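See structure below.
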Amino acid sequence: MTDLVTFGETMLRLSPPDHERLETTATLELRAAGAESNVAIAAERLGADAVWASKLPDSPLGRRVATELRSHGLETAVAWSDEGRQGTYYLEHGAAPRGTNVVYDRSDAAVTTTRPDDLPLDAVRDAAAFHTSGITPALSDTLESTVADVLETAQAAGTTTTFDVNYRGKLWSPASARATLTDLFSAVDVLVTAERDARDVLAREGSAAEIARGLADDHGFETVVVTRGDAGALALHDDAVHECPAVETETVDPIGTGDAFVGAFLARRIAGDDVPTALEYGTATAALKRTIPGDVAVVTREEVEAVVDADAREISR
Amino acid sequence: MTDLVTFGETMLRLSPPDHERLETTATLELRAAGAESNVAIAAERLGADAVWASKLPDSPLGRRVATELRSHGLETAVAWSDEGRQGTYYLEHGAAPRGTNVVYDRSDAAVTTTRPDDLPLDAVRDAAAFHTSGITPALSDTLESTVADVLETAQAAGTTTTFDVNYRGKLWSPASARATLTDLFSAVDVLVTAERDARDVLAREGSAAEIARGLADDHGFETVVVTRGDAGALALHDDAVHECPAVETETVDPIGTGDAFVGAFLARRIAGDDVPTALEYGTATAALKRTIPGDVAVVTREEVEAVVDADAREISR
Amino acid sequence: MTDLVTFGETMLRLSPPDHERLETTATLELRAAGAESNVAIAAERLGADAVWASKLPDSPLGRRVATELRSHGLETAVAWSDEGRQGTYYLEHGAAPRGTNVVYDRSDAAVTTTRPDDLPLDAVRDAAAFHTSGITPALSDTLESTVADVLETAQAAGTTTTFDVNYRGKLWSPASARATLTDLFSAVDVLVTAERDARDVLAREGSAAEIARGLADDHGFETVVVTRGDAGALALHDDAVHECPAVETETVDPIGTGDAFVGAFLARRIAGDDVPTALEYGTATAALKRTIPGDVAVVTREEVEAVVDADAREISR
Amino acid sequence: MTDLVTFGETMLRLSPPDHERLETTATLELRAAGAESNVAIAAERLGADAVWASKLPDSPLGRRVATELRSHGLETAVAWSDEGRQGTYYLEHGAAPRGTNVVYDRSDAAVTTTRPDDLPLDAVRDAAAFHTSGITPALSDTLESTVADVLETAQAAGTTTTFDVNYRGKLWSPASARATLTDLFSAVDVLVTAERDARDVLAREGSAAEIARGLADDHGFETVVVTRGDAGALALHDDAVHECPAVETETVDPIGTGDAFVGAFLARRIAGDDVPTALEYGTATAALKRTIPGDVAVVTREEVEAVVDADAREISR
Amino acid sequence: MTDLVTFGETMLRLSPPDHERLETTATLELRAAGAESNVAIAAERLGADAVWASKLPDSPLGRRVATELRSHGLETAVAWSDEGRQGTYYLEHGAAPRGTNVVYDRSDAAVTTTRPDDLPLDAVRDAAAFHTSGITPALSDTLESTVADVLETAQAAGTTTTFDVNYRGKLWSPASARATLTDLFSAVDVLVTAERDARDVLAREGSAAEIARGLADDHGFETVVVTRGDAGALALHDDAVHECPAVETETVDPIGTGDAFVGAFLARRIAGDDVPTALEYGTATAALKRTIPGDVAVVTREEVEAVVDADAREISR
Amino acid sequence: MTDLVTFGETMLRLSPPDHERLETTATLELRAAGAESNVAIAAERLGADAVWASKLPDSPLGRRVATELRSHGLETAVAWSDEGRQGTYYLEHGAAPRGTNVVYDRSDAAVTTTRPDDLPLDAVRDAAAFHTSGITPALSDTLESTVADVLETAQAAGTTTTFDVNYRGKLWSPASARATLTDLFSAVDVLVTAERDARDVLAREGSAAEIARGLADDHGFETVVVTRGDAGALALHDDAVHECPAVETETVDPIGTGDAFVGAFLARRIAGDDVPTALEYGTATAALKRTIPGDVAVVTREEVEAVVDADAREISR
């Protein structure tokens, strides 16, 4: 039985080396990158049996995505399409005061036409959990409808549904996002949201704990996780609030931090760990992710546990 | 006064190093690449004062294109657009029996909405020559109409209009191309076509000379140039046929060979050289281009003349 | 049901870029490389459902191997070991008269202690075919015994056993190889051998067809395939000899040519194609492999079929 | 009409990647680098129409410089020379306590023989401003005389003359510099100096404001700008002192910081902004420059304004 | 006369670029790396005439080591062996909380069979000093015996014997190390130990000064140096304790810091400097090492002295 | 005793990767390169004990040269100079019809002021052979005089003097070269010349054998070697003419071919081999050099002997 099925777009990420600018670079580094595949890989590496489901163009670019995802041990359930593009994004790493800049080139991606029957619904029904994020419904009307259908299908089958708000200002406005997402929330069991998104998009106020409680009250979530950057993460579950500080990091690449957190959190919850333990794995995996180039948390469970146990050494030889 | 204005799409070309495959590569080389900017650069380097006109998205990707083109001394007349993508293409260099493969990702490019008033029409009218290729009208209905308008505008102003058939099977069928192009031909003074395109697209038969003569007879071209790969090039002008053999090359990168030929041919014609001389510059520049990575003929006039004079040495020190 | 299980050592291949020498290089390219995983990948890419089975050290180096193999869609059945090294080899690409040089550093690899129960014997029994090569028994006495056991187990279960002689002079002498291999041949259904190995190691004489017939007569092989480099390949099957010429190539990296041939040949045989057809796929895949850096045939079935159909074009755009 | 003409040497900068040492590196990164072209590029990118004037050798190395400068949209007015070298400098990036080290190899550069009539004097006379720095007269006696002539020519024509002290201890002694520069100051309208240079070279004492006032009093400058590193910049203009703090940065490459400041300051002054505003653009551009590899501020006006407005975000997506 | 002979294993160090992980990297940087050759190079660069003695396999890999070591001006006294491997180690640079990770692949290295007569014993006897570290006897029983013999031979000949504890937890346990090392100490004149090793391996307690005094009292060392990371270093010599603070650094690569310290300390002691001066050179060289990629302190004596004199400037031009 | 002392300039060679052009490249490969150090390295690698003597600037660039030369096992006798530049040359690899282009930037190199007492004259007198080439006297009048002095000193001491004509058209005219070289010839024992240089510079006519005989007759050379590119080499010695064909090669980098020939020829002559044998080593080493990037023949004696014995295999594993 599969532990976790995730669904969403995975793009090719194209980034200049070092701190070069897109405008003048002669080379680009190429990596597969997508919130939901990032989550699936983190979960797989933390012990879950994960499947990433999506649609890709039947081209060398689509195959490039699948090739890299599979390398992490993930199962890929791909609807290969003769139509639609391979989404890409260009990433320029910043340094203060120059911000890290993302240029999306993902319109008309093959994934935007995904309908429920493009997806492995049997696997979704059999899985312990199904996950997607707020990026997916933002990509097309078709996807908004598909996400709603699949969340309902999953929930109806007893699969825990998990959802990360993951607001992207370059895709939609806060108001549109709020409208769409709150419609989806009735079919969501576990909500993850950055505190900033809760405030700016979901229009929540108060402390992080108050935000979590308000969301749970309004939408009936089984669990609400609020991620708070340097301030760590907080979860409301069974009416109890659990807090977990962040692990200090030297950041090499911040992209994918939240996804690493979610994947590890879900993997440990699926494995039966309690919420505080899952939060610890989540924050440790997120911290390790920040030290690794690319979107993906290329970690082992042992490495994560060493951070949880705070016994990682500076040089091991 | 400008010698030459060219108009067309310039893409970002993304290619794996050496002979790596797109499916497994970790890096991509990034270069600006487009038939009409290739022509303009070759012309500029051979002594013409060239302008490349087009529409680009107002983004780091669009600026990346302009940045590279300007480096060759070209003037760029860009309509910066808030809409439309930056077209890209992925290039995988082959080795027999594996063909060189081009994956276009150019749909909905900003350029596809270019209307005549996005272009420097005054410069077109004042220029000695205006050039575009069969790729441009293949990209959108808007562009088909714009190309027709601008060719007519140029011709009416006394600017020599030059056109390269440049058939791309991944953009349209031979029948569509033939229909569209033959409609444009009445406003074209100088036609360049690969012999293969003349046969497969323009449905011409007979020898290269017969093809040239037939095209000139049917469409009233002032000059017809037929490029023949290893067999060199042939031009019909003032009722005379001029042939020029190809220069033997060790090929490093074949993309852009035809554009280098056209740019050099036009530059020398504009400078007042006769057709046989212009053919020699064209074939020499084309041969040099094949030794240079990228779409662009990074050559000097001295280097081209050394090839024309056949006195290039193996090592010069 | 699995189509093909292969078993053997996969190493990390470390090679200087371009034609740099090991003695002076500052960087190395890193790739997974092993005869039997090369075969499994080629088979998977040609449509078979393939599993590669082996033992790897539980270290970042062992994981590096599994990571790359899985990227090709292969299932990996790995016995993770706390003992034994990750085998490596250093590859220096030559250019005449400097030969390509391989420096093995594979002693005491984890794989050398593999016993039958480290392997997925149920999958072997259920598979259509099981494959290994003469490299595997050359690596240790334990492996010699394990190979004998697994071939017998497979054959007893009705799995077709396939074996590539694959002689490596840096591992053992021709006499040792001949003694060991001929002992194994009774459990082999399909033998593949380079003509040179048949002569130098198996001490066969006569034409390639006579060699095939002699081997079939002496050991009762169902099929004997003799690969002949530039001269193509020949197969004896059901008392008929089938010949297939080689496809002309521009060689980028010759390593893995034979494995690509075997993988494609087996995939098509398992899929039900006849021997002449399988030979065509084998020689086409081998030719494409030579154009690709690394040990692995990163090809699609469509590309192979285009070579078989001889309609690959120089540039496709 | 041109806004700004700058004049000075542009070198090829050769630097090892990462923190490698020159003594052991196998590769070098190559970029065009020169104080006055850095200024011109920053000005162009901030909205000025800039021309860089100089002499370069007519060689691939000289062309390499022009190629890169033109890519930034700059107009280049180059006297191509058959004599004289292309100046180079080798840059080794340090990390405390290892200082960043510059090895100049610029003797006998073509630029050192530049006479006024090698320069576009008409453009200088027509421009809003003419700029050079203390490096230029340090390079040769000819250049000392040429700088004096051109400053006078410009000032006489009503062009604002701007001058950055830019002391280089590897070119001349403080005493020589002081003697030469103070001779030039009578033809300078706007002086820029690092506080350290004002003290060590111009022998000024007191606070930065006192230094500015003293210089203005002694030499009749219209504006004096004192740059103070982490302490920001200060300008004396119309008898008022304006201070502007520095923007905090994570430094990727410090070379060219001062030039970025000057280019942006001048561009905004020429565009009509007041001194405090121009200082803000200058410090913001300088801060962004420090995040970009190479000598050149590859920025857009929008990016600079986001820093001025303090609304740059860590990740924009 | 040789100043210093060092003896120990030098490996090939293989490390992914930037912060890439071994599990996913496509390239590795290759460098020679070994505690005792690091010491010899630092000593040579600080003015000593140093020889590195060891055994290497007669292969491109062994030659790669010698080639790089010789480049630093070192004399290499190599016993070329037809047996035994070239030891390697894989280094993955970390970033908090991900530790820098070393994967040794050094078993059965050629060096492990080194016997005294493989070494240049006459040079050892004639040298001012002979140095090895605790890594060497940890590698094999043969090496434990060889180290004991050579230390005795050296001491008997009047050569100062120096020894760095250099404990490696991946090679042996603290208890084994303590037993072996304390047996060797009777033949050691100068002991260097990290404070942590003194506590964890040599089971010493108290302050660093008490540790030094205790070691000197128990084993009769002429000099004991205790290195203390950020806290600098301390030496007991002639009954006096000398302390030296560490120099603040921005760390690029921490590997080899201790060896750089030892090499510089020894070079200056051999040159006749007193212990406090040698400590200053040691800490300055160690600080510079941390700014340089690789194991080796690629420094000049002038650079070290600039740090000692605290007059290194941020940018020198 | 030293076998061979060579004297001449060694430059830093800066070349774009692959076939990139200098005008557009972003990176350069850096290598030490000089005719006489190339010869010394080839000789050292073929078994001679070689010393390279020259003057270098006391800078990171000068040290970069020495560092690389020493890595090959060569002894370097360097006069470190506070004056004069480090010579460089920029190398652009061609492909027909684009020639390989060398841009020298070697004027005012430190070496140009070398006087005899900067050189290790005792080593020259004690050596079996002393070698320089026609490049050295072309660099400055001082060097012309120094070369004459040192050749005479060597010859007077019984050291065999060897000289390679090595004409460089970018340094001097044929007439100047002929005048200078023929003055030097009285102090030369062994002359090596390309057949083309013999004709174009030394104004010789007739067959290669006639050229050799004429030179020997006119100047009293003990041995004359004429290298003939693809046609191999020919030597006149003891009144006998020995011919040796060239070895067929796939050329990776042609620079340094002649130097590799000379180094190997001299090493074997010094070792006592007869002229025909030395020619075989020379042509084999020259052929191997052409397969190796850079100026230097990074070969082993075993590899050369395998080519001499014609038993090099395509892949050795």
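Note that the chains are named A, B, C, D, E and F in the order they appear, and that numbering of residues resets to 1 at the start of each chain.
Simple rule for what comes next: contacts are C-beta pairs under 8 Å (C-beta built on N, C-alpha and C of every residue); 3 or more make two chains touch, one makes a residue touch a chain.
What you are looking at is a predicted structure, and each value in this text was computed from that prediction instead of being measured.
In this entry, subunit C maps onto subunit F through a rotation of 120 degrees when their C-alpha atoms are superposed, rounded to the nearest 5. Checking C-E, A-C or D-E against D-F, more than half of the residue-numbered contact pairs recur only at C-E. Each chain gets one centre point, the mean of its Cα atoms, and the points for subunit B and subunit E are 62 Å apart. Distance between chain centres (mean CA atoms), subunit E to subunit F: 39 Å. Subunit D has residues 21, 23-24, 26, 63, 67, 71, 101 in contact with two or more other chains.
Considering their complex, residues 71, 247-253, 284, 287-288, 290-294, 298, 303, 307, 312-317 of subunit F touch subunit C. Remark: subunit C residues 18-21, 23-24, 89, 94-102, 104, 168-170, 254-255 touch subunit F in the complex.
Those residues of subunit E that touch subunit F in the shared complex are 63, 66-68, 70-73, 300. Those residues of subunit F whose C-beta lies close enough to touch subunit D in the complex are 14, 21-31, 59-61, 63-64, 67, 85-86, 88, 90, 92, 101, 103, 105, 107-108.
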